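Note that chain A is present in both complexes that follow, paired respectively with chain B and with chain C.
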Partner chain A sequence: MENILLFSPEIILAVTAIVVLFTGLFLKTEHKSVLGYIAVAGVIISMALTLSIMLSMTTASMFYGTMVIDSLSQLFKLIFLSVALLVSIASIKYVSGSRNTEEFYSLMLLAVIGMMVVSSSNDLITLFVGFELAGLATYALVGFEKKNIVLLEASMKYFIIGALSSALILFGMSYVYGMTGTTSIPGIAENASLLAESPIGLAAVVLLIAGFGYKMALVPFHMWAPDTYQGASPVISALLAGASKKMGFIAAFKVIIVALIALSADWRTIFAVLAVITMTLGNVVALTQTSVKRMLAYSSVAQAGYIAMAFVVLTPTALAGGILYIMSHAFMKAGAFIAVGIVGFMVLLGNREARNVDHIDNFKGLAKRMPLTAFSLMVFLFALAGIPATAGFVSKFVLFASTIEAGLVWLAVIAILNSAISLFYYARVVKYMYFMPAEGGRVSEPAPFAVAMIIALAAVLIIGIWPEPFIYWATEAAKVLLI
Partner chain B sequence: MIALEHYLILSAIIFSIGLYGLMTLKNGIRLMMCIELMLNAAIINLVAFSAYSHDITGQVFALFIIALAAAEAAIGLAIMLSIYRVRDDINLNEVNILRW
Partner chain C sequence: MLPIISLMILIALIGAIVTLFTKTKEQARMIALATSVVTLIGALYMFFRFDSESPMLQFVDSFNWIPSLGVTYTVGVDGISMPLVLLTAIVVPLVVLYSWNESKDPGKFYAMILATYAGVIGVFTSMDFFLFYVFWELSIIPMFFMINMWGGPEKGYASIKFLLYTHVASLVMLLGIFAMYFGTLFQTGIATFDIPTLLAQYQLIESDLARTMIFIALLIGFIVKMPAVPFHSWLPHAYVQAPTAGTILMAAIMSKMGAYALFRFILPMLPFTGSTDLMVSILAALGVLSIIYGAFLALAQDDLKRMVAFSSVSHMGFVTLGAMAFVPLSVSGAMFQMFSHGLITCLMFMSIGAIQVMTGTRLISELGGLAQKMPKLAFLMVAGFMAYLGLPGFSGFIAEFTVLNFSYISLPSYVIAAIFAIVITAAYHLWALQRAMFGVFNEKLGDIHDISNLQTFSMAVFVLLALYFGLNPSPVMDMIITNAEQIVGLMAVAGV
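Coming up: the complex of A and B.
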């Protein structure tokens, strides 16, 4: 039974979720901020356990081979837990004074457990259950403020599209099961020739790519993402863009790259088309946005296009680049959404009835009003654009270099041109923050938001300046995918 | 004797009806019924494959999906109910504050 210890990060989180939920029942609203600290403690313990399992390089399979522990799963668990840490710290401010604090934290922890189950699943059933656990918890989180129609609209759109995506995935999985006679991912990889011979195999691939494409927000399956990211509160947008989207990628890595590698000729073409239209449309539409959250959402769509290049190139370096990109994007995007959340807080402090708090006009002269937030947001935006000395540069470099190395120069050229376009809209926000006159005096950042933002800032700069260990772990994780 | 193909054609038809409804209908409750149709089409597939290949895994998967579909319906109805309380309407054409 020593294997159960390898499952301890998930167990710790589940216990924390239950403890938070039940403690909240007995607390008065004004004392509920303590729940945030319990959740943060649970996430930190779980992170420490995951890190120790990862550093010991353990590989194991648990629960009759339905779950695996390897460097890939542990790395993704760490990414999800880091985003959860940022979100739970920042939420201490966001949910303060809410009667439903305990539900917020327990739903958030359950969503993270779902993502962690997906990242270590080795069977279609486990993968789907984890996928749904994360999905169901995030639908409820997006619509957290029950009286706010904007949040409800975001939640409803996310729910309909999320349910559609799980139905598509499930229908694809049913064909895969029918043709190969097993739901185990290595078992499917062994019998995949049965799938490749039949026309049903192609139908299954298309259904699975469409289903996972919705979670990854690849164009043309992206329409929910801008609405949901803009409508949801910034901390939840950080969770969705930083973690939930990455769950789509790990699920697609497992089901499409590991299990259906025999059909790679089919899906590499599909992913090449999706990657190109995703990055182009995401960047072009982001140019005209006036809501910064919506701009970040379209930039997130475009970044998914870059990561999808890993499916097309399919060399160990490219997959390592994709995984490194997933890691850096989690920090950059979560940090950027938290910084936007601070600006929203500042606007509401000036005028409680303010609408469109993330409009770009509210960022005018931010460098004077909140120097720390303005600086961090500038770093996050430059990292998203791929300026050197940030995480974004390192991951773009590894990914694009491996694309050229594999002989797909046209794809790398399109990606680099897209990065150049993206610099325009990122730089526009920086111009508003640093070169426009301020309207209003200095405001100090709320401490929880500031702490979360500084952690994300540190992560982005450390990956950018000292990338070797991160590249090493991404390479180790990529080795699991291509056996 | 009903062959496996008959079940597959039935499930494909049910899935397509659900997908078509999801694309065209505007009422929140109808959308949720379409999603249920799509999930149930997958269940028919799984059980049919399972019965014809004498392998129990597909039926276990089907039981998991039934439980998850119920949870999904609960969350979905909760969201629709909240929208109804704020707007007195669940016609989703009217819910369009967020757009580009």
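Coming up: the complex of A and C.
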């Protein structure tokens, strides 16, 4: 008998999404902030359930083997839910006063359900359905402010490229299905020799990498990311960089590492090239950005390059490092975007008509104007650069160590050099915040933003100072990938 | 027993955090002083209870930190690190006293001093490579802030150069650490970052190339921090642009981090690199090069602070030279040079800081005859310069004499080359002193008065310490020699 309760986290979220949607219909705009609290409560309950399932080490295969519950799926669900928690708390401020609050929250919750389905899926079809659910919901979220032309451009770009990538994924999947006769991921893995012997196998791999590469924002499939992250509101960028991008990784982990392991010789080479150009291009382009959001977007591209090293090294340490990196990056990047959102709020408070609110000049003297935000953003940036006592250091440590373990010294050297470059642009923002004179008085952070930021800050520091449980769970999750 | 070292680190960190949130200058400096004095008492307690006869780690304190990676939190001191811990603990309270009247963001200022302090003590005492790296990197960040917030006109450039240069070097070192870790893991199946274990296993790594690469990777990390010529180019900017307290912390303490690592890691590894003789020649040459080139650069400077910065490079060259000679007493002399240089360099930078504050310039050509208006400073500064150039009676003489004398046994040609630099060293010290402090008073400087009593006190303490350890080096020297003999003994077994 299948225990449907193992999917209670998803069910709770779905119910919350519907409740939020319907309650919103009967509320006046000024009362709609209550919807945010409902969504937050739903996410927290869902997190608690997911955590309890993970801690009990339950494994199960359900719905005729199309969905699985294991430590990998639960860990990724927790990552998605954590980002959702940060985003929904911060959004209480962001969407306050909007008529469409209920749509915002239900879309966000649906996106998270989609991501959770992807992380549990064990079949190409369920995976694709989850992928599309998350995709469609986030396309709408990016364009949430319908009157804002920049947002619409960002949304349009994201949507068109997202649709293209879906088509590529589906095309690749059709080849896989055509050659192996099954859509089940373990089934494909068993019959992968059929793919490996045929040139179609390589075509399928290329199509799938391209398709997932868009979501992961690997160069050369990254060009939507800077525009979209910069254009979208910071909370949505946090969701995209912290969660949606990670969905690309878990999907690629499942389809490419688990199902197509027989073709690893081919795709490891492809990923080696992609990882190197992704991290290098991301870091080099980030050097010259004046928009902090765009800088974070390129840094996000670079970080995807680091994570992609896990595909190249493909040892248990590397995969554990990659998963740990995904977890840390979710908090660091989401936290950084939320902090940027606070700065945007501060700028708009001074001048309603201000444009380019995330320009680096607006960060001048932030330490005087908003000490908490400046400190948190500094920690997030140093974490992204890999300075010790933060999550970023621990995950880089494990991931980079794995390259040496596997004897790929050249990859380690490239990654280390990139990491060194990145410190330059992160330190530049710190320099603006701490060493330049302030232009304006003290501003207090809006409470929801501040709460979300402090949670992210705490997560980054806890993973950095006491990483043992996180490394343990990342290792457990990695074991699922390499059976 | 009390975990003294951990308490010292913790108290310094807590002190840093509390100081950060103080509102007034009075609170900030009192907390900073109290914190540093309490930790000094801890260091003195360890120093007097330290068993100089034993080369083993003492006051060890350990627990499992990240078991799945084999990371432990282990701190302890031996004869290599004890003098440096003592040095750090002496320098910090005196730096706080010296900068007693810092009025720009005093809370943050003292917090950065204490944070650096915690990081440096951590580096000197950690016996786990992961922990070592964490402290190593963390000590850079407060210094980055220090240069940037209280630094001179080119602070932006200086701080970013300092940050990136040392960060890149640390990352290269990190690669070396990974390789040692996996080398040990593959051979023994034990995942550990324990420093003695990794050092013991290093020689068993099969490939010559791998051992050489690991050695070079670690060496780059350390030598940049020290720094030795030709990796010194971050130093003049960072030292000159930093505020006096920051320069002192960098020159007296942080430069010892790299030198300390030389004795902790490089010497035990050296016999087992693929090409030991070549490495010894290169390092000894770098040492001599630093001594000579640093001295010549110092001779050419008009800016007093730049002069002392380069002279610092020159003096740190003795550490490298003595270490590479592999004679127990030359190695001891090199370690003693770290301690002694730490004491004297504080005095130098403090004098220059005082001159700059009082006259508004550090350029020798714009100074002159200061001794007439600032007799106390002149007295202490002369003592400092004499100690720095190696006048017998001061600790610098003991250190440099031992290094040169005993290095001659195994590296005669290098020592002969280095001897000439001593003449230049004497020349630039005396010449600078003569032009800046004596002669006719430069009336353009206007009305200036002498240093404050607190500054006099903190500088006088350094003079007395340099004098004390110059006349009676044995309290520090004894513990150093025990460990130097042990290191050299291990090498002799390996046949070097």
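Structural remarks
Throughout what follows, the second predicted complex is superposed on the first by the 481 of 483 C-alpha atoms of A that agree within 3 Å, B and C clash if a C-alpha of one lies under 4 Å from a C-alpha of the other, contacts with A are read in each partner's own complex, and residues count from 1 in each chain.
Everything below uses one rule, namely that a contact is a pair of C-beta atoms (placed from the backbone, for glycine too) under 8 Å apart; a residue touches a chain by one contact, two chains touch by 3 or more.
Keep in mind it's a predicted model, so treat the numbers as computed, not measured.
By the document's definition of touching, of the two partners only chain B reaches A:136; chain C does not.
Of the two partner chains placed around the shared chain by superposition, chain C is the only one that A:435 touches, whereas chain B remains out of contact. In the superposed model, A:401 makes contact with chain C only, not with chain B.
Legend: residue contacts after superposition of the two complexes on their common chain; A:128 is shown touching chain B, with no touch to chain C. Of the two partner chains placed by superposition, only chain C is touched by A:388; chain B is not. When both complexes are overlaid on chain A, the residue A:427 reaches chain C alone and has no touch with chain B.
Counted by residues of chain A touched, the larger count belongs to B, out of chain B and chain C.
Across the complex, chain A meets chain B through its residues 124-125, 128-129, 132, 136, 139-140, 143, 146-147, 149-150, 152-157, 159-160, 163-164, 166-168, 170-171, 173-175, 177-178, 181-183, 226-227, 230-231, 285, 289, 294.
Looking at the complex, you find that chain A touches chain C at residues 382, 387-389, 393, 397-398, 400-401, 404-405, 409, 412-413, 416-417, 419-420, 423-424, 427-428, 431, 434-435, 467-468, 471-472, 475.
Partner chain A is touched in their complex by these residues of chain B: 8, 11, 15, 18, 22, 28, 31-32, 35, 38-39, 41-42, 45-46, 48-49, 53, 55, 57-58, 60-61, 64-65, 68, 71-72, 75-76, 78-80, 82-83, 85-87, 92, 95-100. Across the complex, chain A is touched by residues 65-69, 130, 133-135, 137-138, 141, 144-145, 148-149, 155-156, 159-160, 163-164, 167-168, 171-172, 174-175, 178-179, 181-182, 185, 213 of chain C.
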